[in-house]
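Heads up: the structure comes next, in structure tokens.
Labels run A, B, C, D and E following the written order; every chain starts at residue 1.
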Amino acid sequence: AKAERLTVFAAASLTDAMAAVEAGFEAATGHEVAVSLAGSSALARQIEAGAPADVFISANPGWMDELEAAGRLAPGTRVDLLRNALVLIAHGPGAAPVEIGPELDLAARLGAGRLAMALVEAVPAGIYGKAALERLGLWEDVAPRVAQADNVRAALALVATGAAPYGIVYATDARAEDDVTAIGTFPAETHPPILYPAAAIAGAEGPAAAFLDYLAGPEARAAFEAEGFAVVAD
Amino acid sequence: MDWLGAEEWQAVALSLRVSLWATAASLPLGLFTAYALARWEFPGKQIVNGLVHLPLILPPVVTGYLLLLTFGPQGPAGRLLAEVGVVFGFRWTGAALAAAVMAFPLMVRAMRLSIEAVDPKLEAAGATLGASPPWVFATVTLPLVAPGVLAGAVLAFAKAMGEFGATITFVSNIPGETRTIPSAIYAFLQVPGGEGAALRLVAVSVAVAMGALLLSEWLARRVARRVGGA
Amino acid sequence: MTLEVRLRHGFGGFTLDAGFEAPPGVTVLFGRSGSGKTTIVNAVAGLLRPEAGRIALGGRVLVDTERGVWRPPHRRRLGTIFQEGRLFPHLTVRQNLRYGAWFAPRGARREDMGRVVEMLGIGPLLDRRPGALSGGEKQRVAIGRALLSAPAAILADEPLAALDAARKAEILPYFERLRDEVAVPILYVSHAASEVARLATTVVALEAGRVVATGTAAEVLGDPGVKPLGPREAGAVLETRIAAHHADGLTELDAGGAALFLPRLAQEAGAAVRVRVAAHDVILAREAPRGLSALNVLPGTVREVRAGEGPGALVALDTDAGRLLARVTRRSVAALALAPGVAVHAIVKTVSVAPGDVGG
Amino acid sequence: MDWLGAEEWQAVALSLRVSLWATAASLPLGLFTAYALARWEFPGKQIVNGLVHLPLILPPVVTGYLLLLTFGPQGPAGRLLAEVGVVFGFRWTGAALAAAVMAFPLMVRAMRLSIEAVDPKLEAAGATLGASPPWVFATVTLPLVAPGVLAGAVLAFAKAMGEFGATITFVSNIPGETRTIPSAIYAFLQVPGGEGAALRLVAVSVAVAMGALLLSEWLARRVARRVGGA
Amino acid sequence: MTLEVRLRHGFGGFTLDAGFEAPPGVTVLFGRSGSGKTTIVNAVAGLLRPEAGRIALGGRVLVDTERGVWRPPHRRRLGTIFQEGRLFPHLTVRQNLRYGAWFAPRGARREDMGRVVEMLGIGPLLDRRPGALSGGEKQRVAIGRALLSAPAAILADEPLAALDAARKAEILPYFERLRDEVAVPILYVSHAASEVARLATTVVALEAGRVVATGTAAEVLGDPGVKPLGPREAGAVLETRIAAHHADGLTELDAGGAALFLPRLAQEAGAAVRVRVAAHDVILAREAPRGLSALNVLPGTVREVRAGEGPGALVALDTDAGRLLARVTRRSVAALALAPGVAVHAIVKTVSVAPGDVGG
């Protein structure tokens, strides 16, 4: 097939993985891929406003639902692509692991410090984190100590710089940061599944389908797993 | 009024407090810096000039991050200031600091342009009448640059009302403490269907800033009329 | 208190290199446009740092480039009247006038505001701002502002140039009073010979940045060699004393024994009065004239006849009243056979002693 | 240079292009607006003034969103302009539009302050010598406000170099088309270990903006020296 | 071309309500500081919109508030010399001078730049910027800028006030030449009677915003009732013709049959010359004086004696040369028994006709 240009809108937390996927797909197919990385909300709104996107990978199923309801997705192309886990992190390397459960003394550990999270009502990582804490019965106690960042990376930075002693972020974020330690993973049943859905946009032509296929393939899986994501098997 | 919830009104009150403090507290330093850049020659002048403009050039997130590293609870300046009881991290004071830093280039530039337009001959006349340099500044320069100071202050206030990136990165978003109007708006815009609430906050924010703007225009016009004659 | 000035300063094409002493009283700086008058005023006021020089006021060194002394303008307390006014546009006229008083040292001699305001005729302007004043009104306020700042000396750069003759006549006596009563040195820039003659204790004539003549008003104004003066400005200065005030409005002066009549002067009988008699206002006669409207006829002897470039000649004569200068035509020199030693009568019209040329 | 990858250099080049265009294209309108606000009285003046300041007051995300709604492919202005071949949506031109809008208040305010400082008596003198108002503006006002125009331009350029929120919201973050330096920095900061690359981009951005700043200071000084005398 | 001005305008405490016609030649606006001279100039130049009035220049209506006519300043082409200079600080002196020429209509009469520059003595300043010029230098450039703009009329607001006597004497003839050769109407604000007498075709005397006298220079200057003039400024104007130039540097004038001697004038024999004789420069004698250095003795008859407020009196006398005014003391009036009908001799010193008071 003739080399075509494909525009992919992807949540910014996928930056590195998408770089690998893009290179692999281009090498494999000869198509040219441009990946626009921004917050899921911004990307979704742009797609609603007629952005020339062919594929959308969201970090927030809610926005994908929104687009689906608005008829902006190519029917039948939506898949849940990736799964992530939520971890409790502490400042500094080599912090002692804890057992995450209803008896976790998180409020006491925080003391006067802050628990860094993403916006608990707006950003998925914050929403999931709040849900998990509520489920564990910890939310009431820690709520006044929560510092909400505009995204997970900013929450991570708060812990990494020591501004906040603890934080709740995705496992993928905690992995590569030397100044934080993931001291526990929230059990998957404490929060809604953390899913990254992908879909082709209505009216997308050419290699969009091929790209979605590639995302489900082994090379992409390797790239995602290298960054700490779990790939949803279908 | 019930078209804004209690939390939103809290954000409005907080934004007002943060912006007013950011403007008021940076005014003296802004004026001093503007004067120094307009009138003095000193080594490193262009470095100071560059530093003043830095927040304009850097993406706000970077500025916020630098503030976090310096003035955060673990930052060198943050720790030092904590000793004397001044805490910026996760406090509304930090939001004010972020807003002030982001607004500083605008404030300084407006004041500097006004100061450069003052005829040094008038200042010299003040000196021959016995006024020492600080007095000349207070009695001649300052009244003549009043429109520029006002312009600088209102620009800074408007910018402070709209500042988001550096603020949330530095002091995050704690309801009642650091959740300013822009932070609240951002949160609303992150969820599908939040546009309505965001719009209401935008309206409040615009109304407040426009009020300040109109007030400043009216004041500047009064000053201009006085200087112009009659 | 004497003001000593020694300055060297260059601007591109222009070099100022001037030195003079301004003894108590009024020192008039006199010179053509661009000769460096304002530059000197600025250096004395502290608004220009001269390349080299020394300025001292009564022992207080203001500048000494050799010894590295530099006193900033606000510590000089020199009430300066600028050529361009420089009123504060944001203050009312009243506030402009009071400005200097805020900073005057405690106990400094203060002029009375009401008096100055009245003299300058700026009472109706007090609550206005300078922006909408006329040119002359601005300059009058500027004069008042400097006078009211309780200055240790006054620097006046063409203070009266923008004013009409009548207003000038009202303000000049005030400078005289300052000179005489308050004894602050006054450095006064002027183009007008009548102002010079009336006020000057010392005249400093400048040409292209250099001092070409200094001396008393009588010496400099009587010197036909001083170029900036032009032919119309030569004249002698007589030292007189008031003999009597007459009922018909005339004042009789005693000039070394000879009588001179002038329109009524304000001073008391016995007061010393300096009178300038312009050379072109003196008519010479060989015989004592009779039946003439001119009241002042002084007998004397020709001392020197100096032919000028044009058709004129300057005749110096010694009278009882003192040295007089008369400007006559060469034709008259021939007709009257004027030569040193010849006895003549000098006729001076009463009113041709200009009001500006009489000073106490 | 190999300490920045090809994609990063692309972002640098794009940022330069976007910022230069944003500055250059908004200069005439900025100057006109500043002149109108400084010198004219007209109905709705305060509304224009408020609109000019709006991007300062609004959180950048909101400005970006409004741009998207207006100038996006489905927006009314966007559709209208597309008819005549001008497309802003998801193009570098859109990034320039966003940067220009965000920088506009800074540019206008600097120019306005300078224009207000010009003595109308000089303009009147020009008129008596036969110069019509546009000529007076070109030969008297403009040269006298050159320092303010420069200041406005360099502020706008610096702001454009740092603009992020409105840009990414309006035209997304498409490599080679709308991925400016700040957007690239954002992407780097979203993943673990991206700080190094982000820092290098910050350095380039700061260097460029500082260069522009120094150049403008030098130019302004030359102009001031000429006006001052000698 | 006549400039017709009728204006009413109020500022707070001040109301201008003036009307006059300025026929071809120089119309001098004369009045005290704050009397409204600059306000009139501004209204004519188009920089002030009067509340009511009409201004027309040779049929071209510039303003007519009743008919709603308003011609903007740049379409009036009035070369305006401002009291405060208003040079463009960003242009060199040369560029300032050329500014008006850029906008002059094609084919407009243009002054020669070199000539103007030389007359004003600003050649060495051409490449400088106005910021560092002296006060007088600025004003000279401002004069040049207005003259070189090929104006349809000239408005000059105290153009020579900042200049020294010698420089004034150099520039005045230029205004005379403009008046005579180029025939542009000139509206000229001045405080100096000598400038008035020399230049004025028409004099308009203002007081507190109202016209108190208009007429020829002779009429207004000879009217002792015109207050702004002050006692020193009264004087008669004689219309004379050059009879001969003598070898000793004197010029003989024919004044209605009587001979008058003046220092050499530049005009050709036969040329008409206007001479102002200041009242205070005339001495009266009952007998014909002999052996006097004054060359000009005109026999005449007293027409009127008007006592002034002070000790002086103004004597009007008819001579062959025309009406003369003499200012004498009341004492002399009594001593010489001066009364209407009395025969007297008027003595005028040659050189007491000021150079500024002779005009062609």
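Note that contacts are C-beta pairs under 8 Å (C-beta built on N, C-alpha and C of every residue); 3 or more make two chains touch, one makes a residue touch a chain.
All values reported here derive from a predicted model rather than from experimental measurement.
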Length of the shortest touching-chain route, chain B through to chain C: 1
Shared interface partners, meaning chains that touch chain A and chain D: B
Chain separated most widely from chain B, comparing mean CA positions: E
Distance between chain centroids, defined by C-alpha means - chain D, chain E (Å): 57
Averaged-CA centre spacing for the pair chain D and chain B, given as whole angstrom: 20
Gap in Å, rounded to a whole number, between the CA centres of chain E and chain C: 26
Centroid distance [mean C-alpha coordinates] between chain C and chain A, Å: 90
Overlap residues in chain A, where contacts from two or more other chains coincide: none
Residues of chain B touching at least two other chains: 61, 186, 189, 230
Sequence positions of chain C contacting 2 or more other chains: 11-12, 84, 128, 132
Which pairs of chains touch, using the document's own definition: A-B, A-D, B-C, B-D, C-E, D-E
List of chain B residues in touch with chain D within their complex: 46, 49-50, 53-54, 56-62, 105-106, 109-110, 112-114, 116-117, 147-148, 151, 155, 158-159, 161-162, 164-165, 181-182, 185-186, 189, 198, 202, 205-206, 209-210, 213-214, 217, 224
In the complex, chain C residues that touch chain B: 45-47, 72-80, 82, 84, 86, 88-91, 99-100, 102-104, 128-132, 145-146, 149
Touching residues (chain side chain E, partner chain C) in the complex: 11-13, 31-34, 37-38, 83-84, 124, 128, 132, 134-137, 140, 157-158, 161-167, 169, 191, 193, 228, 230-233, 246, 248-250, 261, 263-264, 280-281, 283-287, 289-295, 310-312, 326-332, 334, 336, 338, 347, 349-352, 354-355
Chain D - residues contacting chain E, complex: 121-122, 124-133, 135-136, 139-140, 143-144, 223, 226-230
Parts of chain D lying in touch with chain A, wherever the complex brings them together: 61, 64-65, 68-69, 72-75, 89-90, 168-169, 172-179, 183, 186-194
